[in-house]
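To start, the structure under review is shown below, and the notes come after it.
In this document, chain identifiers A, B, C and D correspond to the written order of the chains, with residue numbering beginning at 1 in each.
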Amino acid sequence: MRRFGQTIKDLWRDPMARVCIVGIFLIILTAVLAPVIAPYQPDHMIAAPKSAPAKDYLFGTDNYGRDVFSRVIYGARVSLWVGLIAVGIGAGAGYVVGMIAGYFEGWTDTVIMRIMDILFAFPSILLAILISTVLGRGLGATMVAIGIVNIPVFARTVRASVIAAKGLEYVKNAQSVGVKTVYVLIRHISPNVIAPFTVQSTLALSGAILTEAAMSFLGLGIQPPDPSWGSMLSEARAFMEQAPWMVIFPTIFIVITILLFNVLGDSLRDVLDPKLKL
Amino acid sequence: MKKLLSLMLAVMMIASVLAGCGKTTTTEPEASTAPEASTAPEASTAPEASTAPEASTEPEAPAEPMILRWGADSEPTGFDPHTVSEEASLRVIPQLYETLLGQDENLNYYGELAESWEVAPDGLSYTIKLREGVKFHSGNEMDAEAVKYSFERVLGRTEAGDIGAFGSKATYFGNIDTIEVVDKYTVKFNLTTVTSVFLSNLCSNYGAIVDPAVVKENGDLMRADGGTGPFKLDEWMPNNYVSVVKFEEYWDADRVKLDGITYYLVGDEAARLAALRTGEVHISTLSASNVQAAAKEENLTVASYQTSNYIAIGLNASTPALQDKNVRQAICYAIDRQNVIDIVFSGEAIPTHIIPPSTGHWSVPLEKYDLYTTNVEKAKQMMEAAGYNENNRLTLKVAAGLLDSIRQTAVVVDQQLDPIYVDFEIVNLESGEYVDVWYKMGTPEAGFDAMVVQDGSGTDPNRGIGMFFTTDGSASVFGFSNARVDELCELALATADEPTREAYYNECQDIIIDDAGKIGVASPMAYFVISKDLQGFVPTLADSSNYRDAWLEN
Amino acid sequence: MRNYIIRRIIQLLPVLFGISVLIFAVMKMIPGDVISGILGIEATEELRHQLEVKFGLDRPYIVQYLDWISGVFIGDFGESIRTGNPILPDIMQRMRVTAELAILSAVISWIIAIPLGIVAAVKRNTWVDRFVRVFALLGVSVPGFATCICVILALSLMFNYYSPLGFVFFVDDPMLNLEMIILPALINGFSISGSVMRMTRSSMLEVLRQDFIKTVRAKGASEKVAIFKHAFRNAMIPVVTLIGMQIGSLLGGGVIMEQIFSLPGLGQLAVTAINQRDYPVVQGCTLVIAFIFVIVNLITDLLYAFIDPRISYN
Amino acid sequence: MDHLLEIRNLSIDLPRGKKLPPIKLVEGIDLDINKKQNFGVVGESGCGKSITCNAIMGLLSYPLKVGKGSSIRFQNSNGKEQEIVGMAPQELCKIRGNEISMIFQEPMTALDPMYTIEQQINEALSFHTNLTKAEMHDASLEMLKKVKIPRAEEILRDYPHHLSGGMLQRVMIAIALINNPRLLIADEPTTALDVTIQAQILDLMNELRESYDTSVIMITHDLGVIAETCEHVAVFYAGQVVEEASVVDIFHHTAHPYTEGLLRSVTSLGNAKKELYTIKGMVPSAGNFSTGCRFADRCDRCMDKCKTECPPLVEIETGHKCRCWLHIDGAVEEA
C-alpha cells in the first residue's frame, strides 16, 4: 500500500485537495459524533412547529417542531453511509465486471455487456422499487438498490478505458512478454482506468445521495422518523414558503458534501493519473 | 467538423421521428393516481339546487369564453358515476351527472331531476315524478326508462351484469326489489325492507341517472359521457388536464354562466400555490399549512368547511398484545388530539371519535367519553398494570401512507405514546401496498399491528357505523365484531323514525368507543383556495362542487 | 458495418427478452394488486374473482406472460386494467412529451457543457478553469427538485409568472409548447451539463498532451484548428459515451421533473401505473423505455466507429 | 546577418509560482545556423537539447517559457529578418511548417489517428498555400513518392494506425518538406526505429537535403548518426552548450572532457572486448546546477577554478568553441 501513502502525500500538496480532505473529515466526524454534537434527539419535538432559526435551535424547527440542526447532523450519518456503501457496491462490482468485459472481449464481453444493458435499460426507479420490495424498506434496501443501479455505469466506463488501454504500446509489450493476465490487468491496465473511474465514482456518489432523496420522495427510502438529508428535503418540499429553512439547510449540506467529494475526485485524478504529472 | 455536425443532426432526427409517430387523439384516458380507497365516497355530495342568492350584476358574455381553471392535485381514473371513488374523479362527476334528489346545507332534500316524490305509508315503496323535457348530453330525452335502467345497472341486473358498483350494497340500493315505469315521467321503487336512508342515498352519485344508449354503445362510462349535468366532457389529456364545456340544452341552462371548466393536474403543492398566486389557476386545494400562506395573498380567498372525514388509528384485533382492552384504552387515553391538530393541521381541525361532529345530531358529543380526554398518567398506570415498563416496552409495527396527514399523524402519535412505553415502527407504504394492507388489517397476514387511516363517515350513521363496524360491513377491516352492534344497525336501518334510529346508533357508539379498537383522532377541514375573480361558488359539506351559479369577474 | 448492425440487433432480442421476464416477475413480486385498487373498500370476494377472470389474472403466470409477449411482437401491448385503453398509443403519446423534454435538455446541456469543458481544458489552472469546475459541480450537486421548486416560487413571487398549464404539442402550437417546456429543459439541461463538462475537460486535458497535437502545431495550424479540429475530435469518445447514457436515461422520463411541471411524460405514466399495480401498463412502459435505451446504446456504439477510424465493426 | 538562424543568450524557465524564482532548464545558448548546413545537436537525454529546438518553433509546452533576454533571429525565404521570441501567434503560424518545420521521435503517435494520411498532408499545404483540393492531392502524392513510399495512392487513403513506424516517419518527413522549408528540425527522428529502417531514413534525409536546399538541425544522443549526417555539431550538457565545432574537430580534436567521455563510451567494433568506459557520477538535476562548471564533479581533470566559476564558451580555434578552463590560457595553473 505504499502507493496509497504516496497518493495521500501528493494530494496534500494541492491546496484545493487539502480543503476537501479536511472538509470530508469534518463531515464524517459530525456523522460519527452525532449524538454528542446534536443538542437534541432527532425525533424530539422541542419547540413550536415551523419556527424560524433562533438561539436554541440554530436551523429552526420543522413541521413537527423538531430541531432541524440535530436532524441534519443525524442525517449526515445516514446520507453519507448510503452514499459510500452504495457507490462501493456499484463501483466494486462495476470495476470487476468492466475489467473482465473490456479485457477478454469476444463472447464474454458480449454476454456481460448485454446483462449490463438489461440492468442499465431498466428504469432505475422501478429497479429501486423491486429491490426495496424484496429486501424490505429502509437503509439496507436503499443502499443495495442504488448500488445495483450504479453497476452498469461503472462497468461501461471501466470497459471503455480498458479497451483504450489495451491499444497502448506498453500493454501490448507486457502481454507479448507473457506476463500473467491478472498481473497485466492490475499492474498495467488499471492505472489507465483509475482516472475516469475516480471521476465516475465521485459523480456516482453525488448521484447516490440525490437518488436517496428521490427514493424517500417516493416513500421508499429511509423510513420516518429517522432523518436523512434526502427525506428531510422531500418532506420540506411542501413547506418551502412558510419554512424555507427546512429546505435550505439540508440542501446546503448535500451540496457541500457532493462538492467536496467531486473536487477531491478531480485532485485525486490529477495525482493518480501518471501521465498528468505537470 | 462537418461529420460531427451531421452526426448530431442524425441523432436528433431519429429521436424526433420516434417522438413524432403515434399521433393519437387526445381523448385517451389514463390510469389515475392512488385510489383514495380509505376515504370512501361522500354519500352526501349531490348537486344542490336551492335558491342561491340572485347575482346582482348580470355579467354580459365577455368575448373570450369564461373558462374556470381548476388546479387538481391528482389525476382522475375515469368518470363512471356508479363505480369510481377517487377524489379527483368525484370533482368532475357532479358536473356531468345529476341525481333524482339533492341535499342543501342543512341536509334537507330538494328535487333535482325529480319534480316531486312521495313515500308509501308502509315505507316500502317510493313514487317519483320526473322533471319533463330534461335532455342527456347525447341529445336523448331523460325519462322513467332511463331512471329504471340506471338503478338496474347499479344493481347488476342489466346485460352488463355486476359492474362492481358500490351502490349495489345493502347499505345503498341493495334492498330495491323492483322498479316500475308507471308512465313516461313517473317511476316507482318497491323495496324488500324499510330503508330510512333511501332518500339520502338517492342524492349520492351512485344514484346518478345515465343515458342507456351511451352505456350500451361504450360498455362503461369511464370515458364516455352519459349524463344530464350542466357541463359535458370535452377533452381528457391524461396526466395533464380534463376539460368540460357548457351543455347548451341543459334543463336549467340560463342559470349556468361559466362556458367550461378545465381541471389541470398540478401534482406539486408548492407549484399549485404559485399557480394560484399568479392567477394561472382560479381554484385549488392545499394542505392546512399552505392555506395559511395563501390566505395572506390579496387576490386569493379561502373557503373551507368541516368534512365528515376523520383520521383514526385502527388496531389489528389479531395482534396478541392488543387483545387486552386495557392496552387499547391506555393508547386512547394517551393521545393528545389537540397537539396532533396543531402540528398536522395547523390547528384547523376538530378532535373526534369514530363519528365526526360534522354529522350533527348523529354524533355523540366527545365530552361524554372519559376515554377521549387525554390522561397520560392513567394510561401509564394501565400499561404498568398490563405488565409494561421502561425495559419491557410494547413495539407496534404501524402502516402509514397515501396522505401527508396520515404520515404526519403517525409520527406525532408515536412521540405522544413514548411515556407509556409504546413505540411505533412506522413504515410508509406506497399507495398500492397501503390499500392491500388495509384489507388484511384484521388478520396477521397484514404484517402490521396498527394502521393510521382517514375514513369518511358520510352524512348518515348507517354508513359511518354500518359500513365500518358491523361484522360483515365492507369497510370493517380491523377485525371488530360485536353482535349487539350488528343487531342495533339492522334495527336502525329498518325504522324510519329518526329519534329511535339515533338512540340505536348512540348505543352503538358507546360500545365501539369503549372497545377502543379504532381510536378517532381528528376531523380535518376541507379547503378551497379561490381566486377573488371567482364569484358565486359556496362549497358545503353536502355539496362541494356545484358551479351552476359561479362566474369569473375578468 | 452492415452485418455488425444486424448482429447487434439480434443481440438486442435477448436483452429485451430478459427485461420482459424481469419486469413480469417484478410485477408479480410487488405486494398489493390492481383489483383491490379498482374496487376500493367495498370489494366482495366473488367480485374480486370475477374481475380477476375478466383480466385473465387467474391464469398461471407462464400463460399470462406468453399471452402478453406474443401481443407485444405484433404491437399490441394489451389494455390498461385501470382504464381499458390500448397501451401502446398511450405510451407513444407520452413518449412525444418525454422525448421533447429529453432532446431539449440534452441540447441545452451540450451547448453549456462542451464549450466550457474545452475552454477549461485549454486555459488550464486559470480563473476560467476554476470557475467552470465549480459551475459544473454546482450542476451535479444541487438536487433537481429543490431547484425546480425554488425557480417556480421565485418566478411566481418576483415576476408573477407561472408557466402555462395544459400541455400542447409542438405541432399544434409551437410558441406555447416551447414556453411550457423551456423551464424544465433549462433546469434539467443545467443539472446534466455538469457531468458532461467534467468529462469533456478531463478527456480534452488528456488529448492535448498527445504528440500529434504538437505535430499539428508544427505544421503551422492556429490554436483554434489544433483544439477544435484535432483535439476535440479525439476527446469525443468518452464524451459520446456519457451523452449516450444520459440521453438513454432522459428518454426514460424524469419522474420528478415531470411531476413538478405536470408534464404528461413516460416517467409519470410508469410510476402512476406502479402505484396502481396496473401490470400491463408498467410492463409496456418498461419495455418501451428499455427498447429506447438499447437503441440509444447501439447508436452510441455505432458513433464510435463513425468518429474513430481505429474502431471498425466489419 | 548572413546566418539563417541566430540564437543569442536563449534561456528557458520553469516557473515555480510567484514567490520562487523560475528554474532555468537551459541557459545562455548562442548558436548560429547557416543556409544549407547540417547542424548536429548532441547530448544525453534531459540536457535541454529538444526543448531548445522546440523554443525555435515556439512550441514550448505548458508551463515552460522562454527566459528574458533570449533572442532567436531567423531570416525567412524573402530575406526578411524576424525575431521569433515574442512573435505574434499568427505570424508564428506563417513560419511553422512553411519556413521552419519539424519531425519528432515517436512516429507512431505523431499523427492524428482520426484523419487519413492525405488529409494530414493536405492540411500542411492548406495552411500555407491556396491550392485546390486536386492540386493538393497531386502534391501530396508526388511528395510521398519522393520519400520512397510504395503504393503511395493507397497509403493516402489509409489511417495512421494502418502504417508501420518507418512508413509513418517517411510521411512525417513528407509533411515537413512539402512546403519547402528553409530549416528542418529533426528531434531524434530515428531513435524509435530499428536499425535497418534508421539507415534508410537517414539516407532519405541526406538525399532530400540536396534537392530541397534545406538546412537541418539533427537532434540526437547517437554519435553515429551525428558522424553520418552532420557537418557542424554542438554538444549540450545540463542546459548549456559545452562544445561546438565541425564534426571532424569534435571527433578528432575533442576539447571538452565531457565530449571526450561521450566518445569513449561509444561501442565500436574495435574495443568490443574491453570493459566499457562510463562517465562517473550523474547529470545534475535542473534545480541545483553548481555556480561553477556543471561538469566539474564528474570531470577527472577538474580544478578548483572549475568548481567556483563557470567557464565562458570561448573560441579556442576558428570554428571550434569550448566551455572549459583547460582551454582558456592563463587560467591554467602549472599542474
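The criterion applied here is as follows: contacts are C-beta pairs under 8 Å (C-beta built on N, C-alpha and C of every residue); 3 or more make two chains touch, one makes a residue touch a chain.
It should be emphasised that the depicted structure is a prediction, and the values quoted were computed from it without experimental measurement.
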Core chain by centroid distance, with centroids computed from Cα atoms only: C
By raw count of C-beta pairs in contact, what's the busiest chain pair here? B-C
Hey, which chain ends up farthest from chain A, C-alpha centres compared? D
Here the gap between chain A and chain D, centre to centre from mean Cα coordinates and rounded to Å, is 50
The distance between the C-alpha centres of chain B and chain C, rounded to whole Å, is 37
Distance in whole angstrom between the CA centres of chain A and chain C is 21
Hunt down the residues of chain B that sit against at least two other chains at once, touch-wise. 268, 270, 273, 430
Multi-chain contacts only, two chains or more: what residues does chain C have there? 30-31, 149, 153, 233, 274, 307, 310
Chain D residues touching 2+ other chains are 62
For chain C, which residues are in contact with chain A within the complex? 11, 14-15, 18-19, 22-23, 26, 29-31, 133-134, 137-138, 140-146, 149-150, 153, 195, 198-199, 202, 205-206, 209, 237-238, 241, 245, 248-249, 252-253, 255-256, 267, 270-271, 274, 282, 285-286, 289-291, 293-294, 297, 310
In their complex, what parts of chain B are in touch with chain C? 1, 3-4, 7, 11-12, 14-16, 18-24, 28-35, 37-38, 40, 69, 75, 77-78, 85, 162, 164, 166, 169, 220, 222-223, 237-241, 262, 264-268, 270-271, 273-275, 277-278, 280-281, 430-439, 467, 474-475, 477
For the complex, give me every residue of chain C touching chain D. 124, 210-212, 214-223, 230, 233-234, 307-310
Given the complex with chain C, which residues does chain A contribute to the contact? 110, 114-115, 117-118, 120-126, 129-130, 133-134, 153, 156-157, 160, 164, 167, 195-196, 199, 203, 206, 210, 213-214, 217-218, 233-234, 237, 240-241, 247, 251, 254-255, 258-259, 262-263, 266, 269, 273, 275-276
Which stretch or stretches of chain A touch chain B in the complex? 43-45, 49-50, 63-65, 129, 137, 218-220, 223-225, 237-242
